[in-house]
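Each of the two complexes below includes subunit A, the first together with subunit B, the second together with subunit C.
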Partner chain A sequence: MFHWLEKNPFFFSVGVFVVIAFAGLVEILPNFAEASRPVVGLKPYTVLELAGKEVYKKDACIACHSQLIRPFKSETDRYGQVSLSGEYAYDRPFLWGSKRTGPDLHRVGNYRTTDWHENHMWDPKSVVPQSIMPAYKHMFTNIADIETAYAEAVTVKNVFATPYGDEFKGTRAAWEAHKPKVLADAKLITADMKNKDVKDAVEAGNIPEIVALIAYMNRLK
Partner chain B sequence: MNALMIKGLIFAAVLIGATVAVVSSMNIDLSDPINMITMIGAVAIAGLSVGVSIKYINQMKTDTATGELVDHNWDGIGEYKNELPSGWAFSFLGTLIWAIWYMLAGYPVNAFSQIGQYNEEVLAHQEKFEAKHKNADAATLQQMGESIFLVQCAPCHGETGDGLSGKAQDFATRESKEQILDVIANGSNQLKYPMGAMPGGMASGADAEAIADYIVGGMKGEAPASYGVCAGCHGADGAGNGGTAPNIADYDDVLVHNVLENGKKGVIGIMPSFKGRFTPVQEKALTTYLHSLEN
Partner chain C sequence: MQSNAALEYDYSVAKLFTYTTILFGFLGMLIGTLIAAQMAFPELNYMLGEYGTFSRLRPVHTNTVVFGFTLSGVFATFYYVGQRVLKVSMAESKFLMFMGKFHFWLYFVGALLATVSLLLGYSQSKEYAQYEWPIDIVIVLIWVSWGVSLFGLIGIRREKTLYISMWYYIATFLGIAMLYLFNNMSVPTYFATEGLGNIMHSVSMYSGTNDALVQWWYGHNAVAFGFTVPIVAMVYYFLPKESGQAIYSYKLSLLSFWGLMFVYLWAGSHHLLYSTVPDWMQTMGSVFSIVLILPSWGSAINMLLTMKGEWNQLTENPLIKFMVLASTFYMLSTLEGPIQAIKSVNAIAHFTDWIPGHVHDGVLGWVVFMIMAALFHMAPRMFKREIYSKSLIEKQFWLQTTAVVLYFTSMWIAGITQGMMWRAVDEYGNLMYSFIDTVAVLQPYYAIRALSGVLYLTGFLMFAYNMIKTMTASRELTQEPQFRSPMA
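And now, the complex of A and B:
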């Protein structure tokens, strides 16, 4: 049946490649699928956290900060437990980063607090004297785009079946119904903040970027 | 002794000679057992290679094949009927049995986990670390405490431990008047001491002020009468009755451990929990370092 293969080295090579590649897939794919499953207890990002993630991307935090703790003693001593791939299951895209001008942030929510972030984003040198991180004062006045963050949540729900609740729908009414929840989350953050302008803005229904970013930072655990 | 044997012996001698020459020129210490075994291995390989080559070359020259041919031949090339070599057959059967075990039990039950291996190694390292520093002297603890403090604590408490002008606990003192008044008014149940929760409002007004002044002043001189209600749990000296209630006079091992374990929300702000991040020796080192920061 396969005699003709013995006379055609090219097709014979293709056949060998296919057989070995198939064996590889059988070995590798189940492991990938297993490892990329969300870890137990992982929840999708809230709309406020997603808005913060957008700020993180927009201001290119990834250029200096990583979000990946490798299995080295020096790293786990400083940043906490090794990162697992299942922890990034709802990150679209993941923000591992490859540059550590600043420290890793994958578990920053475990050891930094809201008011620390507030001080630090306003003036990094006020808390870490040798810090070379620039101040991000514009985050205290720029308003976060929570509407787009909501649209992002609906999109990843529809496209990737991220487990957001049934109330996440791509309609204006659904967004209006969800908006008070986002504002409530923001008020939980501003309760621990000192900046009067930020508190007032949230009271007035506008969420400054700093609030969304802190919500995102606190979520990283 | 034929010519082949003589050539073989010469070749083996050359190989062994070259090995010895290289070893002696590289100044290798042969009293080290690993080096010695390697050396013996190199000589054995040279001898065996030559010996086996001679055997098979001779066999090729003299042997004639015998036995029964199978019926089929391939363009005139035939094959003898041979029994399966028993060594091969047994290893084949063994492999089959191993494969079934591996598929059903070996892989699913004993699957390798990189993170698991890492955690085991960390645990082993921590045990070694704890054993090594069990009786560390004050200077070592001080140094260790400082390095931990600079990495883990300094971002909030400042490099000198001064709390960055009120942003975090100032380690120059045990507590400020503001903090004491806050705890007296609101109580506290965060540090999980055996004595349990401290209710709020055990003293108020001038009494609370007097207590706060007395504690901030380093608990010197006559204690105000209102301090009696504190002494019930925290002790007359404020040291916390041997770890059953928080030490309000000074930082001690139990206090540092409990704050790191549980975190704390006070009048200054929130300190997150650092549960599981430090070993007991490291906590002791931190306590030692905090003492050195006090006035």
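And now, the complex of A and C:
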């Protein structure tokens, strides 16, 4: 049979494809529906938090930080309750990471504050003297893309039935109507911040990346 | 009727991909060395503003070496090996010639766009699948054009039986196509709304645990079909060609090929041990990872036994040295991976530097060594000149071997040290170390790793210099060498 396959590239390719496709079908499909169910009470991300998640993705925080607390006492002591599948139901993409050069962040909102993040992102050594993390000062001046975050919320609502309210529509008018809500959320964050430029930017209607990122960090609980 | 006259093979596309192999290899390793140094000396994060931090550069490093260097090497060797084992010249078909060149230029432009998009921060944040949807579409087109070349060449072949290398090239094409398509399924938000926000942005089709499963089904097997399968294709062609020895066992190559195809894909979930993925999937990942030793070692042993009775070539021919050491590193790496996939070992190893250590003994020791040896073998045949300097290859070999050993030993120690410190408790059961203690202790190992990067990069520059000199200034050959590559 193998000799025959080696002379018939078409059937050879079909054979290879069947053999390699098999595992994915068996391993991924059976659990698909169950794994996408949220835990009770899980709220979708707000637009500001989504914008923060984009900052997290843009600067590839995932390169050094995980968001997955494994079921070991040493991990639950350090980071909090073990992670549950349903907690990730609205995470597109998942951000578990594969390397902990820095600590896990899945429940960082439980033990770090807005103020701490502001100091830490400006100069990590100011709060953790031996830190090897770079400073992310550009997040204090770059403006977060909240319109794209809103478009993401509408998309996941329409395509994946993520439970956002009826006011989330894909029109520009709906976005303009929602924008003040995002700014109000941002002002709740800047109320605990001290950087004057960041506060001024939010007053003027622009939300620096750091504000969105902190909103996202605070949400991780 | 088959003519007896030797075919004049057309290497123009193989040459183009050879140039990009050298270019992207240099860039990818340069960035790799820089980010390794950043972990030891964090001040190095601030050389390029927002674009120079470890986190922004790390995906650029991985993508440049995976999709830049390695894929270029795969394509370069395919456009060389394909013609020769199928006994057909690219020059015989104007269409295939065009497709080959189209494939190259689309690839080159796509690679530049992709790199810029990563530097700007357009990322799906899925490892080795960072590119946003417009880049994904370009990548699909590149892949399809390679498919046309691959199956086009097969379509007009004179040698009816596909040589082992061709099995592996076909599997590379199919495997990556399937994995890449399914893992990158996403909905562009701009088109799902009335044109709101950034046109580049999209949202993954899968969420949470499902996304993790699909991603590591992809991530693990992109390694399989990018770093293993096509490299095995190379060693099956270039080792017998360079040594003049026949492959040791056809049956072993059959067993290894079909075994590898069947087993590899199951092992992806070993990246998700102790995660929220169901237990049975984790166990499947562990078990199949162990089984994977068989087909992997099957190929490697087949290669080593091919040298049976001819081990003297190891001292005489540096290219044989590269290929034999590559096969040996392949054995090391494919034993180390399954060990890390055992649940109790993984509990310590996961999230630590042992994982990048494992990746790099495979990639630096196996993939890069094999690709460099392949290009060295091809150069005298493509450019009709002897290799510029044998002594330079010898020096490069020892320099890079030292670098690989430094890399993986330092990362083994770093990884296990950190893994043990994370879980260490005192007599009352309290954690002994704060997180930052477990980072500070790693500084010397990070410094050793950065040094190994500098050594390896230097070795690669010696390779690049030797290749460029071979292309331009070396003694010309009047006839094609049969086995051993001539070198000055």
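FYI, the second predicted complex is superposed on the first by the 185 of 221 C-alpha atoms of A that agree within 3 Å, B and C clash if a C-alpha of one lies under 4 Å from a C-alpha of the other, contacts with A are read in each partner's own complex, and residues count from 1 in each chain.
The rule we apply is simple: a residue touches a chain if its C-beta (ideal position, glycine included) is under 8 Å from a C-beta of that chain, and two chains touch if they have at least 3 such contacts.
On a predicted model such as this, the values are computed, not experimentally measured, just so you know.
Within the superposed three-chain model, A:Thr101 lies in touch with subunit C and out of touch with subunit B [touch as defined at top].
Of the two partner chains, subunit C is the only one touched by A:Val159; subunit B is not.
Judged by the touch definition given at the top, the superposed model places A:Val128 against both subunit B and subunit C. When the two structures are aligned on the shared chain, A:Asn142 is found in touch with subunit C, with no touch to subunit B. In the superposed model, A:Pro71 makes contact with both subunit B and subunit C.
Put subunit B and subunit C next to each other and count what each touches on subunit A; the higher total goes to C. Looking at the shared chain after the overlay, A:Phe11 reaches neither subunit B nor subunit C.
Contact with subunit C, but none with subunit B, is seen for A:Ala151 once the two complexes are overlaid on the shared chain. By the touch criterion defined above, A:Leu84 reaches both subunit B and subunit C.
Shared interface residues of subunit A (contacting subunit B in one complex, subunit C in the other): 71, 77-78, 84, 128.
Within the complex, the subunit B residues that touch subunit A are 114-115, 118, 122, 125, 151-152, 154-156, 158-159, 164, 167, 269-274, 277. Across the complex, subunit C meets subunit A through its residues 38-39, 42, 45-46, 49-50, 53-56, 58-59, 121-127, 130, 151, 154, 160-162, 167, 170-171, 174-175, 178, 182, 187, 189-190, 192-194, 196-198, 201, 203-204, 206-215, 217, 254, 258, 261-262, 264-266, 268-269, 271, 274-278, 281, 284, 288, 347, 350-353, 355-356, 422-425, 430-431, 435-436, 439-440. Those residues of subunit A whose C-beta lies close enough to touch subunit B in the complex are 71, 73, 76-78, 80, 82, 84, 110-116, 119, 126-129, 192. Per the touch definition, subunit A reaches subunit C in the complex via residues 2-3, 6-7, 9, 12-13, 16-17, 19-24, 27-28, 31-32, 35-36, 54, 56-64, 66, 68, 70-72, 74-75, 77-78, 83-103, 128, 130-136, 138, 142, 145, 147-152, 154-156, 158-160, 170-172, 175.
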